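Consider the two complexes below, in which subunit A is the common component and subunit B and subunit C are the respective partners.
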Partner chain A sequence: MMVDITINNVETSVPDGTTILEAAKSLGVHIPTLCHLDLHDIKMVNRVGTCRVCMVEVDGRRNLLPSCSTTVSPGMKVYTNTKRAVSARRQIVELLLSNHPKECLSCERNQNCELQALAAELGIREIHFKGPRLKTEKDSSSYSIVKNFEKCVLCRRCETMCNEIQTVGVYSPVHRGFDTVMGTAFDRKMLDTNCTFCGQCVSVCPTAALTETDDTSKVWDAINDPDKIVIAQTAPAIRVALGEPFGLPVGTRVTGKMVSALRKIGFDKVMDTDFAADLTIMEEASELIHRIRHGGRLPILTSCCPAWVKFIEHQFPTLLDIPSTCKSPHEMFGAIAKTYLADKLGVAADKIVVVSIMPCLAKKFEAKRDELSGKTSGSDVDYVVSTRELARMIREAGINFVNLQDEDFDDVMGESTGASVIFGTTGGVIEAAVRTAAAWLDKDNPNPEIDFTQLRGLEGVREAEVEIAGMKLNIAIAHGLGNARNLLTQIRDGNVKYHAIEIMACPSGCVGGGGQPYHGNNIETLKKRAAAIYKEDEAKTVRRSHENLQIKKLYDEFLGEPYGEKAHELLHTHFSARDIL
Partner chain B sequence: MTRQIRIALRNCGVIDPENINDYIATGGYDALAKAIFSMSQDDVIDTMKKSGLRGRGGAGFPTGIKWETARKAKSDKKYVLCNADEGDPGAFMDRSVLEGDPHCVLEAMAICGYAIGASEGIIYVRAEYPLAVKRLQIAIDQAKELGLFGENILGSGFSFDIRLYFGAGAFVCGEETSLMNSVQGGRGEPRLKPPFPANVGLWDKPTNINNVETYANVTQIVRNGWEWYRQFGTEKSAGTKVFALAGKVNNVGLVEVPMGTTLREIIYDIGGGIQHHKKFKSAQTGGPSGGCIPAEHLDTPIDYESLIALGSMMGSGGMIVMDEDDCMVGIAKFYLTFTAEESCGKCTPCRIGNMRLLEILTRITEGDGTEDDLKKLESLGQTIKDTALCGLGQSSPNPILSTLHYFYDEYMAHVDEKRCPSGTCTKLVGYKILPEKCTGCTVCARNCPVNCISGERKKTHVIDQKRCIKCGVCFSKCPFKAIIRG
Partner chain C sequence: MAQEAAEVEIKGSYPEIDEYYESMPDKNGALIPVMHKAQQVYGWLSEDVQLYISHLLGVPASKVYGVATFYSLFNLERKGKFRVNVCLGTACYVRGAEKVLAAFENELDIKNTETTKDGLFTLSSIRCVGACGLAPVVMVNDKVFGRVNPDDVKRIVDEFLSKVGDIA
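Presenting the complex of A and B:
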């Protein structure tokens, strides 16, 4: 049913259930918003109406109405820019600013802050209401996320994301009135909560109330230490997003510029986590085949996503025998770098510093896990910096990113296949595993399938049946922890039978990771990044992990058999149950 | 007292509230039986609509229309909620009904359940009302024993059960959607409306929610018919209203009068006028978010519309009378302190706006205010009214806006002359001894709690202004009116 309304005296007809904000947008009328967020495709819709910025005047209504959460009704006459609406909007923003630390110049979100942009958009030049600010303690306890709720505007996006989409439930408002803040259960430090550190709260936070833990200074120190060999490894999803902070169109592949920038920053070696992703496939596909052939526990769950791993440890401690025991790719990289590569380079393992450039904040926590300490020295991975942090480092180094010449990764651990690239988006890991499994199981087929498009897409939970050499593999994919919870509950209750399942904590997978450049509340950004990932895959001549020549060499020279003894020692890990609170 | 007509309070103090037979003897549960056995669901709703009964909890929404909406909503499950979270300071009409006549609320909820097609009722009652809680539970148990609640009531096929849920004392939980969040175990903060509870309420099911006093009228309307009820009150506001009369009147307490009674009748005829023959200054109605009505409107007939037109509201029926000694700026500050503290913090205007208003008011009462501050109060107050998410925020500036409107001169005295005309803003008050009148009797010095008055017997005394705490004891004790305040 269509509903006729007028907005600023312009007549229009919109479907029943449309909000005033959406209707205005369809007419090209802009209404400023702050708390509102609609990422419809991943079901993240924050329509709490708390900030009261988007207020509009509607004929016959006593009060102004929030356009983000008011649906149209027949004959409605809406005015978006009357003096009353505009002045109320300005006062609301002034109120928010009156309770905000005005440290924009030194703030993490300077020039990238929705509140700052809003103040500029409304032309706020003076804050008429002055008064004390609410003081809260900054929480830097976790290795991933810094909570500084003095900068919080109580938009509740983090709460919606964490409670409804991720079903983790870390945040909830506590206290009341002016003292209201987003709090954790029993006011615990972030490190002591059941937070998975997926960082999705950070990616939707409009201000710097939630940010990543900044590890760039430690990396600069390592780079400037002449005794250290500092090796950068880059995750698949970085190369399709790093161009954004430098003004390149969303979805631009910047692999070559990224390598070049890392060299210019001063990394001694620039290598690729994609190499380790191929290695992961070797191990994971072998584990899958091993489990199928030896009657092991099925389904096998991918374990590349550290937020997902922490989620299952907290929420489903009885299912800890189903994830693959494979370490995540960057951890495998670290383990190989500090053994095999150290030998090749002829340096002691403790001279090597491995820096992972990740789209992820959970990887920061993962790198600190005790069980992921190297056999020879310290952690497998020393530091993890996010895509956003790398962009900052590139700026700090004064590098003109856009004009960089493409460069190639360094040898030994720099080669990768198309299969490893698609790790960066939902469905990619399982597709990569299936590519290799298909080739291995269907030995007589000279041309095994490569593109398993039935595994791709943005649907929260996807199921597919893949037939390989007469064997039917039932596969499921979930992205977003709420979707993962649904799937796991069914597995726990024995309602479903799958052979293999891929789970990624972040909606849309690593392209939408908590450490990626801010997506500007635009789902198209995530889609374009995913499309770029598949383009990168197509552009590769080798698209199956086991065909990676450097990987073959690694097994021949060092590891021996996939899923063998040495591989177990270096490339596999274990999980431990954690409390739910 | 003759002007009172008791409908909601009819049984209070008359029957033993812990004995169901007392209630039945007054015709109790007749209305429920009448509704179930001789009226259709639509008949009940039609009666409620024609009666003109409007919600007694604050906004005055027509009860019959609420019920009708809940009746029309399609769902496998519906709820009847009773809002017994009476939170206005000084208001205790709901408490009196719950403590004095609990069955009339239970019966009305069952009638509502029958009308809208619900089988479960929940009373959200303040845990700070232990006697009300106790008597409600006794009433529920006794009614169940007699088969008046539970499965298949009186063999009619209609089933209805009621349980209690205790509120923890947050004022905002009196707002219906916050109340529902609280019952669901969530944080007491409002939801966006629409959808309204009648369509999407408790556990997202259609829910009818009325307050105690509203329900207390229902049984009488069903029993006696809507025409009977219509004889009381005005065309737009039918029936009676209970007010909690308090403040500087001679007779304080609950009064139940027909809608349309004037303030003057309530304050002077029923309340017995102002204490100590002082001058009436203002009546504050509608609880902490109501407004202050000045003397020139004493003859306004009270109903929902007239109070809103005066910048106040009916609210739940609080009525606090103020005399010439009350400072209107101080009163506004008092109420705002309450609402700012009780704001749930969800929306920006209520969370931050009320705090900023309070800071401005504090400045004014401490002599640091400016004329510009008055403009800010007006404009920010209006914005908060316009933009806040729920009724609490939308009405919290009322005490400021109404006093600004009616008592602007008093505000001006505070900001311009740094003077509090009623002498209650302690920072603006000073006491001085007039040498020509002082006899040196020493009464002031002996009564001063901080010993800051000195002087020899039979000689002029002096107040040490640095140590004076401005309590005003000397002023009131001086037998020769030798001490002036200013």
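Presenting the complex of A and C:
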């Protein structure tokens, strides 16, 4: 049913159930918002109406109404920019600012903050309200996420994301009135909760209440230490997003500029996590075939995503035998860098510092896991910095990113295939594994299939049947932890039979990771990054992981057989059950 | 939001909570009634009890804690046998309730909101109890004392101390 209304005296007709905000948008009328967030494609809709910034005047209604959470009714006459509405909005933002540390100049979100932008948009020139400010302690316990709730505006986006989309439930408003904070159960430190550190709360936070742990100064120190060989490795999803903070169009591939920038920053070697993604496929595809041939536990679950790994450790402790035992690619990279590469370079392992540039905040926590250190020298990976942190380092170094010439990765661990690039988006890891499994299982076929497009897309849970050499492989893919929970519940209850499953914690996979440049509340950003990932794949001459010549050499010279003894020692790990709050 | 799929080992045993929850015809909106029941039975909501409720109902522990901290009637600390509530509502306040509160602090050697080391008395201030004609008002458990002045405080405390033997 359509409903006739007018907005600022312009007539329009919108479907029943439309909010005033949506109706205004369809007419090109802008109403400022703060707490509101609608990422429709991943079902993330925050419509809690807490901030009251979007208030509008409606004929016949005594009070102003929040346009984000008021649906239209027939004959409604809405006015969005009357003096009363505009001044109410300004007062609300002034009230928010009166309880906000006004340290914008030194804030992590300076020039990238929704509250700051809103204050500018509304032309706030003075804050008329003087009152006490809420004091809270900063929580930097977690290695991944820093909570500074003095900067919180109680929009509750983090709660909606964590509880409804990710179904982890870390946040809830706790305490009351002026003392309300988005707290954790029993005010526990983040490290002591069942947070997966996916960082999606950081991605949607409008201010600097939630940010990443800053590891850049440690990286600068290492770079400036003449004793250390500092090696950068870059995740697949970085190269399709790093251009955004420098004003390049969303979806621009900047692989060559990224390599060049890392050299200019001072990394001794610039290598590629994609190389290690190919290595992961060698191990994971071998593990899958091993499990199928030897009647092992199926389905096999991908284990590249550290937030997803922590999720299963907390939430499904009886299913810990189904994930692949493969370390995640950047951890494999670290283990090989501190053994094989150290030998090649003729340096001691403890001189090597591995820095992972990741679209991810959970990788920061992962790098601190006990089981991922000690086999080589210290941790496999020393530091993890996010895409956002790298962009900042590039700026700090005064590098003119946009005008950089393309450069190539360094040898030994720099070569990669198209299969490894697609790790950066949902469905990519499993497609990469299937490419190799198809070629291995279908030995007589001179031209095995390479594009398994049935595995691509943005549907939360997808399933597909892939036929290889007469064998039917049932595959499922989930992204977003809520979707993962549904799939795992089905597996636990024995309702579904799959051979292999890919799970990524972040909606849309690593292109939408918690460490990526802020997507500006626009899901199209993630789609364009994913499209760029597939373009990067197509542009590669080699598109199957096992055809990577440097990988072949690594096995010949050092590792021996895929899924063999040495590979197990360096490239595989184990999982442990964790408590749930 | 229910998370029925969570595979969680529910720790501890709280049969009274189980029984009450089972008996509820409508499990929607069960959280606050279940928390009420738990407090009625155990006197306060320990972390273990909150976690138990979280897992039983499939509600995030953060939310249980959020509700527990929102409503002042939920106790997050173990309370004494005798809960002394001094009304600081307007009527009581203007008739000297603050001095009464100070006298209790002095007599019990604790501050407002604290519990005596022997676990006998918890001192709290509350807002209007609706007995302004009797101001200043003090409630100890369910018993109401009206027109209390600081000199009465020792007598009130002694009255309950003398009951300790009976309860034990």
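Here, the second predicted complex is superposed on the first by the 580 of 581 C-alpha atoms of A that agree within 3 Å, B and C clash if a C-alpha of one lies under 4 Å from a C-alpha of the other, contacts with A are read in each partner's own complex, and residues count from 1 in each chain.
Following the convention adopted for this analysis, a residue touches a chain if its C-beta (ideal position, glycine included) is under 8 Å from a C-beta of that chain, and two chains touch if they have at least 3 such contacts.
Just so you know, these numbers come straight off a predicted model, no measurement behind them.
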First, second, both or neither for A:63, with subunit B first and subunit C second: first
Touched partner set for A:128, first subunit B, second subunit C, both or neither: first
Partner chain in contact with A:318 - subunit B first, subunit C second, else both or neither: second
Partner chain in contact with A:488 - subunit B first, subunit C second, else both or neither: second
First, second, both or neither for A:378, with subunit B first and subunit C second: neither
Which of subunit B and subunit C A:98 touches, first, second, both or neither: first
Partner chain(s) touched by A:84 [first = subunit B, second = subunit C, both, neither]: first
Touched partner set for A:266, first subunit B, second subunit C, both or neither: neither
First (subunit B), second (subunit C), both or neither touched by A:256: neither
Shared contact residues on subunit A - subunit B and subunit C: 172-173, 175-176
Residues of subunit A that touch subunit B when the two form their complex: 47-53, 55, 63-64, 66, 69, 71, 84, 87-88, 91-92, 95-96, 98-99, 128-129, 131, 153-154, 172-173, 175-180
Touching residues on subunit A, where the partner in the complex is subunit C: 163-164, 167-176, 183-187, 193, 315-319, 485-486, 488-489, 492, 580-581
Residues of subunit C that touch subunit A when the two form their complex: 1, 3, 5-8, 47, 50-51, 54-55, 59-66, 69-70, 72
Contacting residues of subunit B [partner subunit A, same complex]: 170, 172, 187, 189, 192, 194, 340-349, 351-356, 359, 376, 379-380, 383, 385-389, 394
